[in-house]
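As written, the chains take the letters A, B, C and D, and residue 1 is the first residue of each chain.
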Amino acid sequence: MAEWTYAEAIRQALTDAMAEDDAVLLLGEDVALGGPFGVTRGLRERFGAGRVLNTPISEAAITGFAVGAALAGRRPVVEIMFMDFITLALDMLANQAAKLALLSGFQQAVPLVVRTQAGIYHSAGAQHSQSLEAWLVHVPGLAVVAPGVANDAYRAVRWALRQPGPVVVMEHKGLYGRRQAREALEWDPQWRPGPQLRRPGRDATVVTYSAMGETALAAASALERDGISVEVWDLLGLSPLNLEPVLESVRRTHRVLIVHEAVVTGGLGAELAARLQSEVFDDLDAPIFRLGGRPVAIPFSPPLERAVIPSAEAVAEAVRTVLA
Amino acid sequence: MAEWTYAEAIRQALTDAMAEDDAVLLLGEDVALGGPFGVTRGLRERFGAGRVLNTPISEAAITGFAVGAALAGRRPVVEIMFMDFITLALDMLANQAAKLALLSGFQQAVPLVVRTQAGIYHSAGAQHSQSLEAWLVHVPGLAVVAPGVANDAYRAVRWALRQPGPVVVMEHKGLYGRRQAREALEWDPQWRPGPQLRRPGRDATVVTYSAMGETALAAASALERDGISVEVWDLLGLSPLNLEPVLESVRRTHRVLIVHEAVVTGGLGAELAARLQSEVFDDLDAPIFRLGGRPVAIPFSPPLERAVIPSAEAVAEAVRTVLA
Amino acid sequence: MAIRVEDGIALYRAMFLIRRFEETVAEWVRAGLVPGFVHLAIGQEGAAVGVVHALDGRDVVFSGHRAHGHLLARGADPARVLAEILGRAEGVCRGLGGSMHLVDTAVGFWGATGVVGGTIPLALGAAWARQATGGVVAVFFGDGASTTGIFHESLNLASLWRLPVLFCCENNGYAEFTARAEQSPVAYARRFAEVYGIPSAGVDGSDVEAVFEAARAAVAEVRAGGPYFLEVEVARLSGHYEGDPQGYRSAEEQARQWARDPVRRWRDALAERGVAEEALAAVEEEVARQVEAAREQAQKAPWPDLTVLNHG
Amino acid sequence: MAIRVEDGIALYRAMFLIRRFEETVAEWVRAGLVPGFVHLAIGQEGAAVGVVHALDGRDVVFSGHRAHGHLLARGADPARVLAEILGRAEGVCRGLGGSMHLVDTAVGFWGATGVVGGTIPLALGAAWARQATGGVVAVFFGDGASTTGIFHESLNLASLWRLPVLFCCENNGYAEFTARAEQSPVAYARRFAEVYGIPSAGVDGSDVEAVFEAARAAVAEVRAGGPYFLEVEVARLSGHYEGDPQGYRSAEEQARQWARDPVRRWRDALAERGVAEEALAAVEEEVARQVEAAREQAQKAPWPDLTVLNHG
């Protein structure tokens, strides 16, 4: 079976959506040239400058522009080059895009997709490495997906482009080059970005998403050698959050570890822990454990950078703690 | 004993700090005229236009200006008129103010105070009513305080103006007119914005902050008539979060309700629940319950506005659920 | 007379409607009936009516926090706008938006906002998407908006992509309680448009005919391709918000401003041009009746039910 | 000769140092030794040196993502800057900042940033706070920054409050891979300053002497009170980031740009003005030795220990 990378999957999803639906357009800084990671490469050539718009460095205005185009029935995909710069677009996202449907008494809809990439990778530094999904999940009216593998990335983008309201697709710069066997491309309208079982297990449930999925799997493999069987769930959809399959898992394992790259305090793991303890209180044999980024600005130096987010070893150790 | 309002307490704290320390300055839209709630009234007359700066509608630039002045050793207090507009200043707050100390290898410090007001009050509408503290708490390097009563507001502002790094003081527009017996004004350098016991109780611990403190107390009074004794804690300091006294309370009551005005999903209540279950897992007799804002843009119409945040009745009902 | 008498009377009717409407809102604010923050267009009717009457059914309008006049000029039902301002279920936004968040897509009014400058880029995207329709997108904002970053980012984009946007700055010399000179050394926001090569004009908002003519010329330029910046110099005859004690400006200044009342000025002009007093009085009476009916309807309108929130 | 020979040689030394430094970084990037995104100043040395040499010890400098040259021109130790770029404990920021976040307060360099436009308002606040010192705050940014909202908000504030800020736009005609014309209809960022009444000038960045003279005049104006906008037109001789394949511009264009190499041009000018070849070669040799020593020191420097994170 053919393989594709995470970046190729996203490019293919954009290509397929643009080919099917004239309303879809892309805009962002350097998207015509593929952007810093080449994700949109070739789309300007294929779909023309009228549908792939290179923009100035104006994150707020281009996001607002996309909101206006969405109000007019288009399906804009605006790229915020680094998730750290979502700060600059947040007024448009949180105060305009997410609210207009309700504020208009549902006269309006904002079918907008924001693509952005997060995460630590090769010392991009404190202003180019953050994972800020917790901010977005706290905004009613915004949906958020964070694919961890290529096939999910394809489906997540296609799904985002069918939603009635704004969706943020949070990619991970460290995943763009990751390969996966390519699944059949048929778009299934029933598909929802719910939790994906990455590895079944018996002793504990690890809940994670985005690039930490790989870290969790590496930890699970290492633990297996010691006879510890860990079940790994990749959330994929962060908002809305469907936890049903995860709850079932916890009802079997009775122990939970949550892992993400974002800073622990106020991170999505807090929401997950709060919900899980509320839903499966009686099934828990140990406190839910959260593992995430240290509460510091992300340092540049490679050994420090590696140290501020969870390693496979740290995940394994946390699993042992949860099992103790 | 004399009374003062929450707004007066903040004004007094600013006055005292400005009188003591020439480095303190205020800036913001219409601060020279007191702002929309009159909080800074009279300060321009007293301290002059050189220390009370009226600014244009440029939330990002004035916050960045304040960061630069702080780097130069001043202690700016920048007012973001409504917390909803913190969206516009978030790049300066999260990517600059909060990070510069670490990024400079601790050559620099940013002793900046941001005052802003949040919350629902008399139908200010979806873009003038939000409580967005969860975003700020997720930013390492930012401190956040959210006083619920006048005396705490005084101390919180004084405390903020002594910190080495940036602090956001989150006020509540519905509290400005609230009166409280005025405590002695001596500034105690040992003081920290930790959890305040508002009402002792036996059967359950309610953890809250800002204007929801009043709602929780109202609920506690109502429950008392049914023989239910509720302990109410007002957090005051949201970041860093010192939960010690709350943990002790939970070890006695075994039951917890968290109440805030912000949207539940991804709200500070998630962090609180996650920490509490982790710290006092064995002491809990029931799942921790979170009560907060509905996941919608805040509607304008008064009956709807009232319905999207917790009422005293809803708090009382939630306590009953936690006790069931 | 530059415009026909019927058109002149239509302009008067539209302005008088806004004035009466806003006076109703002011009266209700004083009576404690209106929730939230309310920013009235009293004194700025010439801008709203002059510009909006230069648009047609293909066109779309956005506005900011001082939007009642723009929406009424566009032809919305005053009863439903009043109902919205009261937060009632019959409001144009079912009571969910309120005074600062008015929308009525049926009359091509795509939204107002409480965040200064917040709708400016939306107008750009809408204009881009609707280029094939020949429609213009007009966006109203105040002089204060010209100190926001989003305003400048938007001017650049509109010029760069030659978008059919009509920027309408209602320059009333104040942002809240602070005069323009304390906010910017640039007295006229249209100076910024000039840098981008966006054609622009300034016009006296107390002369609705001049505004209308200027707006017609502007709209023609936009339809021919590319943005235009029209700055209407108006007098804010009410406070920043209704209830503002206006301690920051003298009674004399406020009185002087009333000489720039566009409604009174246009009435006088029409009379001078031979329109009979009875004709004007008839218009006024008709509008008064319309507003009276709207008041009753709005006040009787039910509160929205909580279930409306689940729609989305 | 407009400037003295010693000064001319000092300018050359400073430019040559930046060039050699950046060539080292480029070499290391190719060898995979440098973490993160690296934006080189090759071709832009005339701007950095010409402007910074017009400042003195009272003054403060801020910069953006392409900051190595500014910091070196300010007199930072090349070994510690290289160490920072490698993420080592001896780096100016102890390895915490990296190429895009350089700070060295000892030489009056208060910060660079990876967010385009991000330091511009910081410069304003610093300038306000330091007014009594007679110091100027200079802030460097690219032409791309002129499309950000924060740039415009900052110009307004600087003009309104007459802040002693020297805005230094290094206009290299590109933001990343996209030419200026595709980003803004306004070719020169100084046009925006003009609207605010901020005095401004444009100068050819390939002529360091011209930059130095323009900057001296600019600094004098700022010290006399109020902001100044200096736009230095430079050629970016490297890619946007080191490793950029530059498929978006032709080999011919790249070759043509080298005619604007400020280092070579100033060397030729000095030779023409009678500076002996040996004197120039001596400077070059000395700088080469300095950079060689810095390389060794930086590469030997230890990695930072995790405990450094707990300092705050």
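The definition used in the following text is that a residue touches a chain if its C-beta (ideal position, glycine included) is under 8 Å from a C-beta of that chain, and two chains touch if they have at least 3 such contacts.
Quick caveat: nothing in here was measured; it's all calculated off a predicted structure.
Q: From the options A-C, B-C or A-D, choose the one that repeats interface B-D, i.e. more than half of its residue-numbered contact pairs are shared.
A: A-C
Q: Centroid from C-alpha atoms only, then distance chain A to chain C, rounded to Å. What do you get?
A: 41
Q: Could you please state the distance in Å, as a whole number, between where the Cα atoms of chain C are centred and where those of chain D are centred?
A: 47
Q: Let me have the rounded angstrom distance from the C-alpha centre of chain B over to the C-alpha centre of chain C, please.
A: 36
Q: Which residue numbers or ranges of chain D touch two or more of the other chains?
A: 91, 93, 95-97, 101, 113, 115, 118, 147-150, 153, 156, 160, 182-184, 308-309, 312
Q: At least two other chains touched by the same residue of chain B: list those residues.
A: Only 55-56, 58, 60-61, 84-85, 88, 91, 95, 102-103, 126-127, 141, 294, 296-297, 299 qualify.
Q: What graph shape do the protein chains here make by touch: line, ring, star, complete or other?
A: Shape = complete; every chain linked to every other.
Q: Can you name the residues of chain B that touch chain D in the complex?
A: Of all residues in chain B, those touching chain D are 53, 55-56, 58, 60-74, 76, 91-92, 95-96, 100-108, 141, 165.
Q: Under the stated contact criterion, what part of chain A meets chain D in this complex?
A: Checking each residue of chain A against chain D gives 29-30, 32-33, 36, 54-58, 60-61, 84-85, 88, 122-128, 294, 296-297, 299-305, 307-308.
Q: Considering only the defined contacts, which chain A positions touch chain B in the complex?
A: Where chain A meets chain B, its residues are 84-85, 87-88, 90-91, 94-95, 98-99, 102-103, 126-127, 132, 134-135, 137-141, 239, 241, 262-263, 265-271, 273-274, 277-279, 281, 284, 286-290, 294-297, 299.
Q: Would you tell me which residues of chain D are touching chain A in their complex?
A: 35-37, 87-89, 91, 93, 95-101, 113-118, 144-145, 147-149, 175-178, 182-184, 247-248, 303-304, 306, 308-309, 312
Q: Which bits of chain C are touching chain A when the two form their complex?
A: Contact set of chain C toward chain A: 91-97, 101, 103-105, 110-111, 113, 115, 118-130, 137, 149-150, 153-154, 156-157, 160-161, 308-309, 311-312.
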